[in-house]
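There are two complexes below, and they share chain A, which is joined by chain B in the first and by chain C in the second.
Let's look at the complex of A and B:
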């Protein structure tokens, strides 16, 4: 039987999207937070919060749309704790981020145990939006242009963030909060408010990514299911050094390498699985390190802002 | 200075009190509890549930307490191990391959015996034993069943990693398929390194295998197996018909929507019961433990999806394995699996 049929190639391409979208949303969210000066190590926890709440609401309301909204809200809820402890109280961002991740892992596992551990409900397939014309392109069309609305939203966010950072007062304020918060303060803007807004926005995006994983990519919630996607999102954001387009490239490359790894295994290419599975990580790091070597991270990244303190 | 009997008695009482206060280990043969640690909750119809249920059953049969620490994740469990060791259980069962470095370490530190998986070479008298339980005989039967039930002649194997237990079952499944239908095509894919909870990855990879023509999926994973199940429920086979799923370790029948073909069932109670007996006999750590068809610790699940005539044929093969007419040799390394599925 021929392996590389249209059906198989479509499944591989669709796999790129399914794996790449949560990373794209996580990377964009982390980038937003970092630009404002908050190193958000807790996005794995925010993603899990979004995955659980999104799945729960989609299952209970039988509406995937409400589920995705709830996912964003779930991420924001965990992010609100980050705002309280790191932005408002100025505590160590790395310590709080790790604590939030561990806390969210425990809380969502416990909630799952109480709610779903005997039933393991699975959701039906999420309805897709078919883009006329493009969806008819062989192989690429069904995989890329007949997708869940969240996929188009995630892709649309990339130019939106480029515009936000380059063309708007808010975008400049966000970057000032990360580079020179004292200057932003002197200009009459509230550093804490800008940082809080950015972290909450990060939580919403990351939570949406988590909800995409549980509602669309898996159709089920299981404990720890984000499986390090939040941490990969942090790596993407750090290596992309402030450029949303590079986050998109990194997420797509990672997803493509995952699908390529599956294709190599299914084709029976006889090389160690560990080597095949190292591909996505190695490729993303290599490309982004080369591409992002001249960019720099915000000067005040990771530092709490206290007015009047130098 | 002359020692009086009263002084000696006083010293003896003091030493006894000191020993009690320091909580020195109970004498060999005395065991009041065992403890088990699992990475996920004991309600997964799989690895974690079988481990906890088996430990509870074995402890109950021995009249001792089973202490359960579940849902611990795949990170560092040393603090939990130390906490459990404080209660001085007769045995700590570290029920995850990811725990097989930390458990012997804490066992040596606290003097508590530990049972681990996927590390047979770690065997140490009165300290460490391995129970790399391999359901390879059951997996061979699952391969026979898959070959008989496949319409396309293509079957898929999806795993959440390549630990020895998974490898031996993947290899045996492939052998069972090939022994029954030599021209069958076997597609094999691993979700990721230790992707036990990656349900989204499980669905993605399973969909790829179905797209590659598989209409029977042999899935090995913990939480990720629910993603595999979701994929077979939502993705039709190349001929438009149903894709069927063969699970491992546990019985997902209560949550099945008509896609579960079978499962290679494990029963770990006899394994843990043997460990408790060995701890009591002071012979723990002298040998490792396993499971097999002949004593019922491995079995193949019968579901309504299996026609009676096919089941009868599969059970005939089972009888041949139990009688020794067919020998299924476990292959614990990934290279053997790759060679078997690629036919090299």
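Let's look at the complex of A and C:
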């Protein structure tokens, strides 16, 4: 088989990372928000906000570091609207989530039209951090250990979140805000503050994922470029049942299939990419049909918290 | 959802109260619409476009030009069927967000079989069979999330979203590999000849899909508000626990809701193909269902209001498509308008609830 050359395998594995990192960040963000009781359907919009603002700042300042920071900020900007409408005012989370997704899709496409429709600037490749020693491993090394800093950050967030949820007071408060907000309130913590913090954190993570897509993976901003990645993030968070490690596994699985689709095309294998793209979803649906039991969702997910209400 | 609970009991309200209610509903719906137009007008000003001439042009093209209004009314047909699909599901408390895949699966199977059938049976028979096929396959696609929700308690938001991705890929695989028209090089299904499509309405180019859509929305509205079956569904939606205690077969009702909802979505795809497009091209996805979700929310799950909002959306989308070419405002602008509309509507509802609370009602 000429297909499995070293370069092909490196490209495939590197593609898994490139496709998986935005999914991982989106899934971790959605998980954080859901744990606190906010079903965040707007993450597709937050991702686009991050992708646009990140790209714009990286282009204007010629600094990718600032770009990633701005990406997180862009996601938080959209998330701040979610906090205002869903946490503070208690409006329906699904309606506002869809509104924010539509609004961010339209707004970023319009901004792109106004600013870049004539220029189509492309960013230079992002500098990578080479981890000495590990990067020397054949195939795995160049694909995994010679990457953009955001990749390491995203991977490092997984154990950080495990620690946060299992070992810290804040993690307990976040989960209480989703399971029994009234108990958290009577323990003297502010439900609204915890939820607001979680949604903003979700926005920052998801925005960073979007910025990774525009700055590192693509090098350009294209309208609607997140292409359902946010929705896959929702799926990952729900499948993971509250475990950050499972989000990582899911992101790797979905990222592998997304990247295999392009890699096979490049290698000239004549399978429609749609078939490969169906695989992760088909696999997950099959598992659910055979072994599906109640998805353990937080009890107060999707419900606004109003003080003093039953 | 507070709407679903509050209108369970108002089926037989006193006429005077009902009239005040209608005015209240109108004010609550039209106020946000006006506010949203003002806000999106401000955005147009920022883009250095005169909002009056933009909206003048959009409504001129979408509503007041003969070709425009016919295109608008034709587009309304599939959108109304999707509205019917979503009203059934949302009123029963089921978040069917997989309408796009159900639409496409219905469209692909109708497009594959109707041109073949047309050669052997009378046209009306082939068209009816094509619509039945689209509704049937749409419903079939909705059954997986239905069973997972009904018997394994899996959240339908996640499963319908996943079936969406799966369905979009499946539709293009079917078009590229199975139902390919051997006569063309472009990947698309066989084309239904124009004279064999759904009849147009008296001398115009408006597809009779419009009538099918109107009938579906009104039928759904009637069933959900005036029949025992509709009441059962609304009870399940308002409080599934109470429904179990009242002796309702909640799992069976859940499956029924999914079948009806996904069936309408599939039929919508069939009507779009049989009435308007004639074939399905590879990777075609108009994403109508995701656009109709906010409209149904704006209409507060009311069939009559849904017709109004679908009409407004069709005018805006047809008008903004030509405005994109003429005035340099991309048609993404409609997305921004709809988003602002949703948020303003949410705020109006919030303030309304606050006012009622203060008045002590």
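By definition in this document, the second predicted complex is superposed on the first by the 282 of 310 C-alpha atoms of A that agree within 3 Å, B and C clash if a C-alpha of one lies under 4 Å from a C-alpha of the other, contacts with A are read in each partner's own complex, and residues count from 1 in each chain.
The rule we apply is simple: a residue touches a chain if its C-beta (ideal position, glycine included) is under 8 Å from a C-beta of that chain, and two chains touch if they have at least 3 such contacts.
All values derive from a computational prediction rather than experimental measurement.
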- With the two structures laid over each other on chain A, which partner does A:275 touch: chain B (first), chain C (second), both, or neither? second
- Message: Quick check on the superposed pair: does A:263 touch chain B, chain C, both, or neither? Answer first, second, both or neither.
- Response: first
- Message: Going by the contact rule set out at the top, does A:235 touch chain B (first), chain C (second), both, or neither?
- Response: second
- Task: In the overlay, answer first, second, both or neither for which of chain B and chain C A:8 touches.
- Result: first
- Message: Looking at A:223 after the superposition, I want to know if it touches chain B, chain C, both of them or none. Which is it: first, second, both, neither?
- Response: both
- Item | chain B versus chain C as contact partner of A:286, first or second or both or neither | neither
- Task: In the overlay, answer first, second, both or neither for which of chain B and chain C A:120 touches.
- Result: first
- Does the superposition put A:109 against chain B (first), chain C (second), both, or neither? both
- Query: Given the touch rule stated above, what does A:85 touch, chain B (first), chain C (second), both, or neither?
  - Reply: second
- Query: So which positions on chain A get touched by both chain B and chain C?
  - Reply: 105-106, 109-110, 113, 223, 272, 274, 277
- Note on the structure: Touching chain B in the complex, chain A uses residues 1, 3, 5, 7-8, 10-12, 14-15, 18-19, 22, 105-106, 109-110, 112-113, 117-120, 122, 124-125, 213-214, 217-225, 227, 258-259, 262-263, 265-266, 268, 270, 272-274, 277
- Which residues, counting only chain B, touch chain A once they are in their complex? 40-41, 43-45, 71, 73-74, 152-154, 162, 185, 187-190, 192-193, 195, 197-205, 207-213, 223-224, 226-227, 229-230, 233-234, 238, 254-255, 257, 334-335, 338-339, 341-342, 344
- Query: Where on chain C is chain A touching in the complex?
  - Reply: 1, 43, 47, 95, 144, 147-148, 152-155, 157-159, 161-166, 169-170, 172-173, 176-177, 290, 293-294, 297, 330, 332-340, 342-343, 346-347, 349-350
- Touching chain C in the complex, chain A uses residues 39, 41, 81, 85, 89-92, 94-96, 98-100, 102-103, 105-107, 109-110, 113-114, 223, 228, 231-232, 234-235, 238-239, 272, 274-275, 277-278, 281-282, 284-285, 288-289, 292-295, 297
